[in-house]
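Note that chain A is present in both complexes that follow, paired respectively with chain B and with chain C.
For the complex of A and B:
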């Protein structure tokens, strides 16, 4: 079986898909903007010296609402897909997903702690808060990833069943803690907490965007440098060692990248599930499991898929808005069941 | 070359391997025999640096294994494990080309080597196939091609360790695999191979190490090791030792 698609046409197609998703995400909404205006206003906002006559409304909508939201969706989708690839490489199993094994809920617990105790402390400086939130989400994600990894491993072998079960237990534990906070929270905190549980790109601001963008760029640059080592790791840990790779260091890097990526994504947009599961799977079906293609292609496809899911979330019940986590779960959960069924046959 | 000096391995409080003195010689195939649980795979893991030595040491070119830089060691020492747990749909030649990861010989040369290694493992016809659709024996040959590609074309100073490379193969491919191993050794590489079939060991190995409870029971040429007394002592099996009518090596028949 040759992969259905070669790398270059795949990247061209995914690039075009991403451009389409970006355009739709910028142009559509309660006020639809024509293509030319969208493009012109977006380029002006990015600092290109174009004439701005008659673009005031478009610039306002784009600058204040749609551009930060689109960039947020782009970064969240890319970093979640990359984290999914890293997890699946680490566990050497295509069913590992940051949401399913509890990394997202660990990160959400970290974020909830930051929200609740941040509110107790009487509010933090406005510019500092998103970074604290990201740091706490990162710490929560790191803790859970490490725990699940410890539980799922015995004598150098990864037990997928144990891993998923440990993920369920830790998700329940984080859920209980978040539930406790919800019960004790005042109204404002409650709304913020609910938002984090469901996941949404709503209310995107540049302040929330920066920490995520930094992390996404770092992860997107770092992981492809480990593509060959990830390929070798799929053979087995000792096989990778015999091929000359420093496996222990690689595993630490993968845990760190995943926690960082998922933590930043959860801090910025709440828990959005299944992107890390569905996207790498689709890319593998098209182009095979080679990480040199899989990593960049998943980042592109993840960004596109999340932007399109957000578009659905925004438009399907307009002017009301669904949390995007509902949309991704509606697509992702049946997909996961399908994979389970196929794995058994 | 690879040398073990007074090597011992412990697992918890138990000593699972002890008193191992051996040197792999260029151009030679060394067979390791022994009943289940005799410590054959432990020996291989200790020789490849996977398991730490409780006593003694393993030297590659007079340098302890741990002092070697990863890729540098990988260009000299390749290991074929007993089973592989690869669960992703790589194509056959992608699996084999992973043997080239420690090298920087370029894509064109690597593709040539992958083809030659596949041919050597009698798996050239599997090129282009999905690894997950192969049978157990076909997968085993693909992994043999992978470790051959890692050391290709083979030469003095290189070491190949094989853990039961014939366990899933049909009779023809048991022979072709060991013939390929022999041919590889004749290029100058030192080969250690764990085997269960005494007659294959008699035919293809230059020296044999017979392990019992983690300790060497007999070590020497096939004629010295494959005798009725050591085989009875180690395997508890009554055998007749005859001569192969055409090749003259020992032929073991259970009584």
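For the complex of A and C:
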């Protein structure tokens, strides 16, 4: 299959798109800052001793609100898209999404536990309490994914098909548990749960950012090293093995990277759908299935798309905010349908 | 002697100027996150200070014209900053904490007021709002009046209970056409029923769907429907046709089906609670002479 777009122009275009998304995400918001003030505030953040009327406010909005939020969006978008590529490669199916191995439902289960029962714990140390939700979501995602992987193992082999089915079963089980918590929850907890399930980059702060940034950088550096192995896996497992790739180790690494990446993203920003499914698919349509291009291009496209979606989320209802999951689904689903129809004709 | 007087007046002046310095300028641009808080701001005469409210602030209707800052637990820092507020008023439920932190560092004053349904919390909230509005006397007058009305209400119920037993009451929340949820024992609805002199019949927590059989076993004497879509009085014929199980209860036989504005059930003691209680008690104790809003004052 010949790619519609060659790698170099694709990377240039996606790089420019990401720069544009980054700039818009920093420059636009419910508080309208003049371009000059934004630039001056940015220079001040870099340490230049500028002063002027209203600059302190601008610096605060840029440095404490928009920049952490933009970095969060960048990391979440990139890591969700990368995990999507890893899953579609592992299952050799372009319709696979990180939810298949249970990481999303596990994270949702952990979050529901934290939201519904967190208040009853009470005696948590002050420093840990704000991180309870994130920690539980991350642990839940990792835990359920580990279970799914264990179910897939037999005689030292990992059966991808068994993993898929185990993932479906455990997702259903988590869904039942979440349903039970929903039933037990009171009105306010219920609303918190609902909002969490729709995701948001709201309230991003540097303190919550760095675990996700580290995970994202690790995943973004690690997965492209396995691009050739992923390409070989497209031919089939035994073919890849005969070509000299350590398939079992590859599968383990893919599952681990996805659990880590999606777990951290969900812990930081709640559930954000469609990025992990649509972005790799879209990039594959444009650039073909070569993972050496697909992986970095998906990371760039995922980050751009999430930043633009977040821009819509915070501008369209200002001064209130829409949950970002609504926007990604609202843009992602029709676009996906369009791609399907176009591919058929 | 003269020197003493001068010294005294100097001291007094010093004291005064000190007091004046301690007084920060009153906040002029208010954002309120919390239904009953917004309602109280309006009741205390501060509606012109409000420049934004959250989605739970639905009363009075004029508040809905103000910019909405979203749900009180999901506030967005930059959105609120774009309104250039001096003050953000909210209950303990307001959040998330990182957003409040961002707002605080941007120089927005944040007042967290208690929202528990007890008079001590209300007194503290009203006093604080009065100080912030610059009208502490009128706020304490409003509170005294409020307390007095609730006290009369209690008295009236005690009198009425001498001739009539407290009725068993069930409050159903939600659309009467679908399966409504029954208010459990720990809810604001149960609190309201008990304050109005009724006996809440349920013993579950929160709001849960009730099976038709349970409804017949509980056999309430009064059923209250708190339905957002309901405008005005309930049409009992239509209601009973859709909920056959209800028809077997005493409430339906005696025609004691009431409508209640569901916004009374959120956010603690709002300004409309005494009126709502008076209406409920009048329906709970039909033989006693109704305590009208005028007579209660």
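Throughout what follows, the second predicted complex is superposed on the first by the 227 of 345 C-alpha atoms of A that agree within 3 Å, B and C clash if a C-alpha of one lies under 4 Å from a C-alpha of the other, contacts with A are read in each partner's own complex, and residues count from 1 in each chain.
Just so we're on the same page, contacts are C-beta pairs under 8 Å (C-beta built on N, C-alpha and C of every residue); 3 or more make two chains touch, one makes a residue touch a chain.
This structure is a prediction, so every number in the text was calculated from the model and none was measured.
Engineer: Should A:179 be classified as contacting the first partner (chain B), the second (chain C), both, or neither?
Structural biologist: In the superposed model, A:179 contacts neither chain B nor chain C.
Engineer: Between chain B and chain C, pick out the one touching the greater number of residues of chain A.
Structural biologist: Of chain B and chain C, the partner in contact with more residues of chain A is C.
Engineer: Quick check for you: in the superposed arrangement, does A:65 touch first (chain B), second (chain C), both or neither?
Structural biologist: Second partner only.
Engineer: Go through the superposed model and pick first if A:232 touches only chain B, second if only chain C, both, or neither.
Structural biologist: The first partner, chain B, only.
Engineer: Please indicate which partner A:317 is in contact with in the superposed arrangement: first for chain B, second for chain C, both, or neither.
Structural biologist: second
Engineer: Which partner does A:94 reach: the first (chain B), the second (chain C), both, or neither?
Structural biologist: In the superposition, A:94 touches chain B alone.
Engineer: So, does A:246 touch the first partner chain B, the second partner chain C, both, or neither?
Structural biologist: first
Engineer: Figure out whether A:284 sits in contact with chain B (first) or chain C (second), or with both, or with neither.
Structural biologist: It touches chain B, and chain C stays clear.
Engineer: If I apply the document's touch criterion, which positions on chain A are contacted by chain B in one structure and by chain C in the other?
Structural biologist: none
Engineer: Quick check on the complex: what are the chain A residues that touch chain B?
Structural biologist: Listed in rising order, the residues are 1-3, 92-94, 157, 228, 231-232, 234-236, 238-239, 241-246, 284, 288-290.
Engineer: Residue numbers of chain A touching chain C in their complex, please.
Structural biologist: Residues 29-32, 57, 60-61, 64-66, 130, 183-188, 191-192, 195, 200, 202-205, 208, 314, 317-321 of chain A touch chain C in their complex.
Engineer: Give every residue of chain C touching chain A within the complex, in rising order.
Structural biologist: For this pair, the touching residues of chain C are 52, 55, 67-71, 73-74, 76-83, 93, 96-99, 101-102, 105-107, 205-208.
Engineer: In their complex, what parts of chain B are in touch with chain A?
Structural biologist: Touch residues, chain B against chain A: 45, 48-50, 69-75, 77-79, 81, 84-91, 94-95, 98-99, 101-102, 128-130, 133, 150.
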